[in-house]
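Just below sit the structures, each encoded as structure tokens.
Both complexes below contain chain A, partnered by chain B and then by chain C.
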Partner chain A sequence: MLKYIGERLLAMFITLAIILTLVFCMIRMMPGGIYDELEDITQEQLDALYAKHNLDKPILVQFGIFIKNVVTDWDWGYSLKLQPNQTVWGILGDKIPITIYENIFSLMISIPLGIGFGILAAIKKNTWIDHVISVMVVICISVPSFVFASLLQYFIGFKLGLFPIVYEPGSTGFAMFYSMTLPIVALALNPIATITRYLRAELAETINSDFMLLARTKGLTEAQATVRHGIRNSILPILSTLVALFTNIMSGSLVIESIFSIPGMGGLMIKSINAIDYNVTQATLVFYSLISLGSILLCDLLYGVVDPRVRVGGKKE
Partner chain B sequence: MKIFTPDAPEYQSVDTSKLVLVQMDETISDTKFEGKPIGFFKDAAIRFCRNKGSLIAFFVILVMIILAIFGPNFNDYGYNEQNGDIKDLPPKVPGLCKIGIMDGTRWMEGRQLYYDPNTGAGIYLDETKSLDRVSEKYAGCILKVEETGEVIAGKEMCRVKIDYYKYVGLDDDTYFWFGTDYLGRDLWTRLWRGARISLIIAFVSTFANVAIGLVYGAIAGYYGGWVDMVLMRITEIIAAIPQIVIVTLFMLYFGAGLTSIIFALLIQNWIGTARMIRTQFYRYKGYEYVLAARTLGVKDFALIFKHILPNSIGPIITRAMIAIPSAIFTESFLAYLGLGVQAPDTSMGILLSDGQKSLMQYPYKVWCPAIVISLLMIAFNMLANGLRDAFDPTQRGV
Partner chain C sequence: MEANLNKEPILKVNDLVVNFNAYAGTVQAVRGVSFELYEGETLAIVGESGSGKSVTTKAVLGILPKNGRIDGGEIWYHGEDMAKYTEKDFYNIRGKKISLVFQDPLSALNPIMKIGKQIMEALILSLKMPKAEAKARALELMKAVGIPEAEVRFEQYPFQFSGGMRQRIVIAIALASDPEILVCDEPTTALDVTIQAQILDLINEMKAKSNVSVIFITHDMGVVANMADRICVMYAGRIVEVGTADEIFYEPAHPYTWALLSSMPDLDTKEKLFAIPGAPPNMITPPQGDAFAPRNKYALALDFEEAPPYFKLSETHYAASWLCHPDAPKVEMPEILKNRIKRMKEAEEKHGK
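Presenting the complex of A and B:
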């Protein structure tokens, strides 16, 4: 097991190194200079700016300096234009927790709700409850999260005034979650629907299997049989979709954050892209890669823990 | 059934010379099959048509495509015809405006109740509160005044419902069906032009994605061994990079625009198709009929494309149908990131993200594209489900 984790971590590290190199080089090879719109600037000042951020050196040399700084001092460089002269790590440090809270919370509310609706739909298969849930599933899977975000923001937030329409900066504890309710709901609808759809299909199949018949024959009630035998066997495939769901939420949160003015990584990434801030953009992209790779690894490990039939580290046949 | 035998007692009285064979003069041969033979596609089409939901979805998509092609020409406004005087007009549709929806009116909040000659703001000229005695700016276009009771800086406030088209000085028979945007451009024209661009992006990228995935997966699956190993490692490396990162990088490097969006969508999406085709090839390449064909000297190329690939036609079509809505989604997503198609051209994502900026003031700017994109996504997903059920009934309901 340890050997397997080690191998996976090594593979992840190599992938991350490739991504880092790609990101670093491609961002710097972008067309257009970064200080183009500063017109009242002398050539000397421009040269000084370039020299300060090592932009006057060849890309590979820049990359070497960058890697050296990151490894020795955990120094991700300075923001070039977004918040000039602030360290990138300092900017990111404030934003990462907000984004993580938001994403984890949407995932946490979507798993139980998705499982609940999935079970309900499977047990009540082909009744009106099932049909209503199926229609909702199709809608929630199809309609993009930013459309839901606009709907919630306008009707629940603006017309009814139940929740704040934008995030209140600086709030903590309950107030923070209260002002984050709408974005969390907007992000959670799609995962809820996805989990419901998978679980319904799996459970509907499991309910008809022989061991469920046995469970009922030996005297378990319908509920006992479903909860103890049915769900346990159908929940596994959900696990493999969790990674996809989490990456889905992550990319959705990019847009949702800017709609609800949440000062998180998504908004930062959009701003840094539009402002052409090399250092901040590359740091946000590396952050998203890390999250995505990490969740894939975690899920693979979890799979082996939950289902002993999956031999972790087993070779493919 | 009783059979005639000359010896049986009950037939003794029958005159045998009168008996004739029934089919004496007919030629007896095999009859033709009743009904028509049903091939693979016909079978699928029958199953598809039985599914009401996907049939409706199919027609919704058809209508959307027709509107996307011809919609911009339904009125005389150009998609980039700017006019600062008529910006932010609310929707007004002939017919519907008689019954009070989409009638080109708007509530204006926080207006002063009484006219103040110094600032030029305010509505009523005097205390009579008659609609005939209002300030020049609002003359003739006020439909309703509602006093809010608020007093700000000693001035009584109110909200007014006005005919916005008259307010900006347009005739009664000027209609902007979906209103205008912040530059005074007609949103109906822009919406369908945007839908056209989004659909072009979706169809082209999906077509290319299927084409590349098909050839790649077929080669990997058919040849197997080290070819498969190398090809699959390459896809693993590309797939390991998160999609947001690779798409953003691609767009940053090649700049925003139609072609670069299509390529950015393509860069990872073909991998799923390739993997699916590869699995199909592993399944079918060991069949006897393939062996028979090979024994007869059929070339690899023909084996791949004529003998094995047609087996996967169902999953390929289904997959393409799933890829289209996800392409539309990614395009809008990129537009929100500021990496969409370039102005003045537009797309669903650009319209949505532009409208989002003034959602509280002009919500109709978001609702029109939001409804169209949602309908398109729902319809394509339902169509994909229906097609999957039609091509592979064993998968029904999954």
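Presenting the complex of A and C:
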């Protein structure tokens, strides 16, 4: 198992290196110079700025310096334009926790709710409960999250005044969670619907399987059979959708963060790309890549935990 | 077998009717089936696919699919009519008094649960046995059904077992609580022939040890010959002939039984193997008279109009065919079958059974 994790981590590292190289080169190929709009700047000043950020050197040398600084000093460089002369790591350090909270919270809501609704719909298949859930699922999947965000903002935030319309910067603890409620809900709706839909289909099939019948004929109640044999077998195929889900929430948060003015990574990435701030953009992209790769790894490891056929079958004797 | 006549049956099914709701209409899967099961005997229910044999036993176990329902008849077991049972009542019977062995052992076990746990589960949850005791019992069962290295196998998963081994596990699970009745629903159909014989021997062996009564469902007359004390032949949701194994094999009376026996392959028959012409009737609109009449070259005009009653041929032998009526024209069974029965009798005498 440890060897497997080691191999996977190595593969992940190689993937990340490739992404990093591509990102580094590609953002430098974007049209427009960094300091184009600074009109009253002298050539000497400009040269000094370029030299300061090593932008006057060939791209390979820049890449080398960047890698060396990150590896040796955890130095991601300085922000070029967004918040000039601030370290990139300093900027990111403030935003990462907010984005992580927001995503983790909506995952924490959506996984149990999705599983709950999925089980309910499968057990009550073709009854009015199932039909109501199915209609909600279709709505939540087909309507984009920013539409829900605006609706929630208007009805629950503005009309009813239950939750703040926008995020209150600087709040901590429960206050932070409170002011993040609407964006979390907006982000969670789509994942809830996705999990519900997959689980309903899987479980409805598993319930009719022979081993569920055997579980009942050997003396288990229907509920015992469903819980002990049905659910675990149907969660298995859903694990792979969890990765997609997580990256889905992440990309959803790009838009949601700007709607609710949350100072998170999503907003930062968009702003840094618009401002042509190479250093910040590449750091945020690395962050998103790391999250995706990490969740894929986690999901594959979970497969092994849940499914013995993966765990034992993969072992080379 | 003769002793059965004096005994009370352990299970008595009386005029059972099971219908299914389907999109096309109501499927009359079982149309008035009656049989008795005596203690310690093996009752075989034989018939082709769709004749209602599995449905009958599913009704007995209360595991009919959601669109199926018992629309009539009684299932008497220990003085109670199980046809009126609720899911809760069945819970006290299933896996405790009546167990089921499935057709397909590959899909009957939970793929992601350890074998040992699957055997122990019912003992712990349903019989409230302490865990250590349940484990001892599970290991004992695994050894009894012929699993080598039971302690190692206990910790393994179904995918590490062969088909035959899995069927042994399914049998072990079925026998875990010392049931009174074991229902085997085509337990060897999904297995290859050499394994089939082993599993049949195992069922016979377990039966001899525990005196469990067995309902054995199959479409394979060869398997029946090895297993059954008594045989019910089912066609289109009805039992057409019932009798002891000897009576069904040596003195079959219903044309459908003739056809079944004639279509059984053997080594000595020189002619082309007999196949029953046509297909079973559509059970949404079952025929009015004898359901087998359209495929039966011996059918009388009356067979198409009125369903035949059961004619008593001996104390244990009944057949539902107008041919058995005293006024019916004398019809001999087909020549192939006659020869075959003659050979079977000779073989039996030779082996001094």
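Rule of thumb we're sticking to: the second predicted complex is superposed on the first by the 308 of 317 C-alpha atoms of A that agree within 3 Å, B and C clash if a C-alpha of one lies under 4 Å from a C-alpha of the other, contacts with A are read in each partner's own complex, and residues count from 1 in each chain.
Convention: a residue touches a chain if its C-beta (ideal position, glycine included) is under 8 Å from a C-beta of that chain, and two chains touch if they have at least 3 such contacts.
This one's a predicted model, so the numbers in the text were calculated from it and none came from an experiment.
When both complexes are overlaid on chain A, chain B and chain C end up sitting side by side without clashing.
With both structures placed on the common chain, the touch criterion links A:20 to neither chain B nor chain C. Contact with chain C, but none with chain B, is seen for A:228 once the two complexes are overlaid on the shared chain. In the superposed model, A:236 lies in contact with chain C only, and not with chain B. Looking at the shared chain after the overlay, A:182 reaches neither chain B nor chain C.
By the document's definition of touching, of the two partners only chain C reaches A:216; chain B does not.
Of the two partner chains, chain B is the only one that A:259 touches; chain C does not reach it.
Of the two partner chains, neither chain B nor chain C is touched by A:245. Between chain B and chain C, B contacts the larger number of chain A residues. Taking Cα centres throughout, chain A sits at the apex of an angle toward chain B and chain C that amounts to 80 degrees, reported as a multiple of 10.
Per the superposed model, the minimal spacing between any CA atom of chain B and any CA atom of chain C is 9 Å. The intersection of chain A residues touching chain B with those touching chain C, taken from the two complexes, is empty. Contacts from chain B toward chain A in the complex involve residues 237, 240-245, 248-249, 252-253, 255, 325, 329, 332-333, 336-339, 352, 356, 359-360, 363, 366, 370, 373-374, 377-378, 380-382, 385, 397-398. Within the complex, the chain C residues that touch chain A are 61, 63, 87, 91, 94-96, 99-100, 102, 104, 107-114, 121-122, 125-127, 157, 159-160, 170, 173-174, 176-177.
Residues of chain A that touch chain C in their complex: 209-211, 213-222, 224, 228-229, 232-233, 236, 306-309, 312-313.
By the touch rule above, chain A contacts chain B in their complex via residues 15, 18-19, 22-23, 26-27, 29-31, 138-139, 141-144, 146-147, 150-151, 153-154, 158, 165, 201, 204, 247, 250-251, 254-255, 258-259, 269-270, 273-274, 281, 285, 288-289, 292-293.
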